[in-house]
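Heads up, the next two complexes both have chain A, just with different partners, chain B and then chain C.
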Partner chain A sequence: MTSTSTIPAVRKHPLPDRGATRRGARARRARILSLGYVTPTWILMITVGVIPTGYAIWMSVTDQSLTASSPDFVGLGNFVASVFTPAFLSSLGVTALFVVAGLLIQFTVGYLLAVLIHRQLRGFRIARTVLLVPMLLTPVVVGLIWQFMLSPGLGVITTFADLFGWHLNVFADPWSARLVVVLIDSWMFIPFVMLMLSAGMTALPEEPLEAAAIDGASWWQTTRYIILPMLRPVITITLLVRCVDAVRLFDVIFATTKGGPGTATQSVSMLTYTTTFQFYQFGYGAAMSIAVAVLMIPVYFIYIRLTRI
Partner chain B sequence: MKRRLISTIAVIGAVGLALSACSSSGGSKSGVPQDDKKPSSLTMLVTASSSEDTLKKLATEYTAKTGITIKFDEAPYDQLPTKLILAKQSNQSTYDMSMVDGFTLAQITASGALAPLDSYLTSDKAYDYSDFPQGLQDYGKVGSVSYGLPLSTEPYLQWYRSDLYSQLNLKPATTWADAISNAKDLQGAGYDGYDGVYGPAGSAHYYNAMLASMGGRLLDPKTYKPLLDSSVAKQAMKQYLSLKQYSPDASSSSAGLDAVNAFSHQQVGQMILASGWWGTFADPKNSDWAGKFATAETPLDKVGSYQPVSSLYGWLASISATSKHQKAAWDFLSWALGKSNAETFVETGAPPGRISTTSNAEFVKELPLLPSVADAAKDGLAMPRIPEMAQIVTVLSQDISSMASGQLSLDDGMVQAQNDLLNILVQSGRYKG
Partner chain C sequence: MRRSRVKNTVTHAVLVVASLLAIFPLFWVALASFKNNRDVIDPVTQAFDFVPTAANYVSLFGTPAFVGSALTSVLITVISTLVVVALATLGGYAFARLRFPGRRLLALVMVIVQIIPGIVLIVPLYRLVSGIGLYDQWLPIAVIMAGLTLPFATWLMLAFFQNAPLEIEEAALVDGATRFQLFRHVLIPMVAPGMATAGIFTAIAVWNSFLIPVVLGQSNAETLTVYVAQFVTFQDVNWGPLCATAVLILAPIVLFVLSMQRSLVKGLTAGSLK
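For the complex of A and B:
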């Protein structure tokens, strides 16, 4: 008998590699664990983000109102009836004015204050703390306080102005009312801009500034060609955050002018509030909110790109 | 793959369920089962007013008598309708009763938030509904259904500073020409001649009072066609805006409460305002001129084609449709607003306009404006009972504010106001065009 060596046939069902099985089980456990970690976040996002947004989109295509029994689907009817209207476009113009004027004032004053803080002059810590106070106050309270101070015949500012023969009635004129809203909003949020820019300045490298000083660059040249370009990311994000806030501006208007005189200070938020919570036309209100969100998409894209989210 | 598919379906299902839960929660129409047992407490939604003060006084007495505690949930005026409607939409028995401003009644009842009261009114003889003039009974109705009991009856009246009028030898105005003449004289003597309301929140009520007193109407009573293109509407607006020159500077942006504050603390000679503020002006804690003011009928001019009348406002007391204790709520309201408590309401200055109250000589002595309340209760003009009124008041107030601040001329403003009202009423299907 001759023995022949044969190559064992490949088993159809190889014995399990115990190491691999353990690794697989571990990987499965890790996956379940990681799912467990992210689940609360997903639930939170779906609960406070996806569902309300989806609900708002659904409402915007129905004629839902709190006083109607059952809403009907109206397609884009709400957008036609409430968004492409003179009232909405006018409020959009008012909002744009508040955004542009507010950002200009807040950036200019905020930057100058940040420079002063950054120089760490004597007493800068106290000054910084005091300057931050307006930002910590509730907007409605700030609005009411300013409204009292500027009230003709009663307010401290108007009474003081009267002493100099300057008869102030800021809420009676459309432009002065708009200016007041912008100034109050700026008074509250200049500290935020100052804080952000001041933090950005602290992180700037010293070398380019020293080189500019040695080359005899003026304050303006240093600012224009060195500081501002280096601060660009901080400035952009600061202004974007303020831009989004300014578009939502509501509390100050509600507390001071109620959108008046006429509709001179009626922002989009104010109009949406009135439509939704005074007239109970939820469909129209939702359509307005969606329209504003769509208009704000470019701003969000820039923000996301800059913050690398 | 299969597992992913199942997960996806599960997520979509969960989201769908959540969405349907959200949407269905807003539309429940189920009647609330009534709890016939005696409740330990009842909750009433109220806002700061003389009526609230009086109800609180009476509630203590009611608790001592029945053992039922009446809780009061106070909300800002603007939020009353929202709170009631939301309670209904979410089917919550948060409130058993509520104060309701007459002109918002139709808006609130459109959501089904209030219980009809007709069966109680018919069966409860002690409440004696026939003691109210027909005009006042209609004030609490939407269509032919009663939803509100008269809580305060507040016609617009002419208020004036009796000390200044004596000093300047002026008489209360009977026509608007008199009112303007008085305003001139008061201003000439260094006072504010008038106290108008020209801000974007609520000025429409004051314009409407002037319009009604000149024989005009905001809307056609039958078709709901806006009537701001009529000559009387324009004339009333011209007159209303002309009084701004005699008003305090703050009136440019003022609401009703600002006008009340101005009359209480500044040197303002006259104004048109609801009678319910008597208690505020008569209280030295709230007013610098307590005892130095008086009231008279709103000046009337026959200019338009309708009967010139005073405007009728006032609070109603309603029962929430979601209350589990509607009978107990009725028992409290019926007792509190009954004849036996009329004196308590008279003391605070804003009683319900019962005939037995306004014709009581002792009460009239205590509250001299009661005859005016009696007249207005009979033929005073209430805002139309349609759900669109809140929107009409807001939009018209904005238009008035635009005209008062010079953003719109009188002609352009009236055209815009007419178009705004037309849009609202056509859009809602109320006016067919």
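For the complex of A and C:
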């Protein structure tokens, strides 16, 4: 298996089951029996996916506060009280910032690193392995490590900045706190973008690039008009995966800023978590999480279309 | 010729710097984990001026809360991974080779479970799990983590089955092998590398998980990630023990990555690109 064949073209139609090629009762029996392979998967998906999603929708339209004796239907009351509020809208803005800034940084740096890895000079496998490490690490622990390195007075990064007369207290200033969250997310996931794009580059045909070189195209022209268009499918799926992940970013924020200073880094996940599990407003929490899922429907739609099995 | 030598030098330099940036935080936290409480808060200029001590590690292994959460993490990780690898192998095979009713619908549900924010599921799951009296137990955490990691593992196995040659299977069926024999003697040996890759990704994802365990397990079923997050309080932070805990959480992951790097590269791209 080469690295190109790891991007399998999903077959539109599955291979026919051996039994299904023969007509009649036997074929039907084989099809029913083949359900046995996916029954456990169905059970698990219904337990952790379908039932909770349905329950979340129900919670979002009923009075779920602990003081309520029995949950009453309140229509869109929870949404009015929690979603259409300045706090929620500001958390949406924070999440949008994390997504946009994160994707920009991760794509730019990840692409450039992919180009360098793709040159396959001596030792590139070592670099690729080392760069693989951050994305597989425990996000909470990564957050704590960065907090250690950024502590005023004793952190290695803050000390380094002091040398330039730049006295950092990154967790005290709203914009630097936001920047830190984006940078930690980028430190973890630039390698992911790099890996996906370099896998995509390996699969590109040689001819258009050779033709461009013969015609004397510059590096930028080759990148802009040949490589990027040819890589478009891989770029799309990579950015979608990162977008979906950045929207649910939680662990790193929890381990570093906890949403602060003030509400500067309070993303929608963070706000929903606090509302639900610190203030026990389950109806509000459900309404906010449903609102996020609804807002993400266009992204999810593209994702599902692109990854159709 | 000269231009390409400059280019190569620049390429090497950038990759070396990038690799150092990727590794440095790990090195730094490992270094700090061998310092005592005074050395760890010394100015950075004296970072290498200390007597290494294993005291942080020794005291961790004498702390029941740490040992308990480590056992919980291992238990949850092992159980989820075994379940996921078994189900992903069956499911991946079905998706790659069989026509079964509801195929598209199941794929849709699985992709949704894969991309839906954890916070959407955890709010109702907390209520449901508490409602059936399983709050602060390891079992629901293991089941939920298995469910959340199953889609990725299934797509990975699907890719491996699609790349496996069909002819051997057909030959076995012509020779009269039963479905079970086919799986046991033909398919599983063929996709064993895939199962290993799926297992490692699942194990890392479950080991790293935080949102689900922090909501569903607080003391009895506390995982290492929940345990380590409690080191940071508003008063002060015990950086030495924190760094030692961080090293113990990350070490298994780093070892896996270094020993399995090739299949990880394949798995990451295959599972994400499907």
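Please note the rule applied: the second predicted complex is superposed on the first by the 270 of 309 C-alpha atoms of A that agree within 3 Å, B and C clash if a C-alpha of one lies under 4 Å from a C-alpha of the other, contacts with A are read in each partner's own complex, and residues count from 1 in each chain.
Keep in mind that, in the parts below, a residue touches a chain if its C-beta (ideal position, glycine included) is under 8 Å from a C-beta of that chain, and two chains touch if they have at least 3 such contacts.
Remember, predicted model here, so these are calculated numbers, not experimental data.
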{"item": "Chain B versus chain C as contact partner of A:A81, first or second or both or neither", "value": "first"}
{"item": "Touching partner for A:G262 - first (chain B), second (chain C), both, neither", "value": "first"}
{"item": "Chain B versus chain C as contact partner of A:P152, first or second or both or neither", "value": "first"}
{"item": "Of chain C and chain B, partner touching more chain A residues", "value": "C"}
{"item": "Contacts of A:G102 with chain B and chain C, given as first, second, both or neither", "value": "neither"}
{"item": "Touched partner set for A:I51, first chain B, second chain C, both or neither", "value": "both"}
{"item": "First, second, both or neither for A:F171, with chain B first and chain C second", "value": "first"}
{"item": "Touching partner for A:S70 - first (chain B), second (chain C), both, neither", "value": "first"}
{"item": "A:F277 touches, of chain B and chain C: first, second, both or neither?", "value": "both"}
{"item": "Which superposed partner A:L131 touches (first chain B, second chain C, both, neither)", "value": "second"}
{"item": "Shared chain A surface residues [contacts with chain B and with chain C]", "value": "47, 50-51, 55, 151, 153-154, 277"}
{"item": "List of chain C residues in touch with chain A within their complex", "value": "8, 11-12, 14-16, 18-19, 21-23, 25-26, 28-29, 32, 40-45, 47, 86-87, 90-91, 93-104, 106-113, 115-121, 123-128, 143-144, 146-148, 150, 154-155, 158-159, 162-163, 166, 170, 173, 204, 207-208, 210-211, 214-215, 225, 228-229, 231-232, 237, 239, 242-243, 246, 249-250, 253-254, 256-258, 261, 264-266, 268-270, 272-274"}
{"item": "Contact footprint of chain B on chain A as seen in their complex", "value": "46-47, 50-51, 54-55, 58, 64, 66-71, 81, 151-154, 167, 169, 171-174, 177, 257-264, 266, 274, 277-280"}
{"item": "Residues of chain B defined as touching chain A within the complex", "value": "15, 18-19, 22-23, 26-27, 29, 78, 82, 85-86, 89, 107-108, 110-112, 199-201, 248-250, 252-253, 255, 266, 387, 390-391, 394, 398-399, 401-405, 407-408, 427"}
{"item": "Chain C-facing residues of chain A, complex", "value": "1, 3, 5-8, 10-11, 14-18, 20, 31-32, 34-35, 37-38, 40-42, 44-45, 47-53, 55-56, 59, 112-113, 116-117, 119, 121, 123-134, 136-142, 144-149, 151, 153-156, 159-160, 187, 191-192, 195-196, 199, 234, 237-238, 241, 244, 247-248, 250-251, 254-255, 268-269, 272-273, 276-277, 282, 285-286, 289-290, 292-293, 296, 300, 303-304, 307-309"}
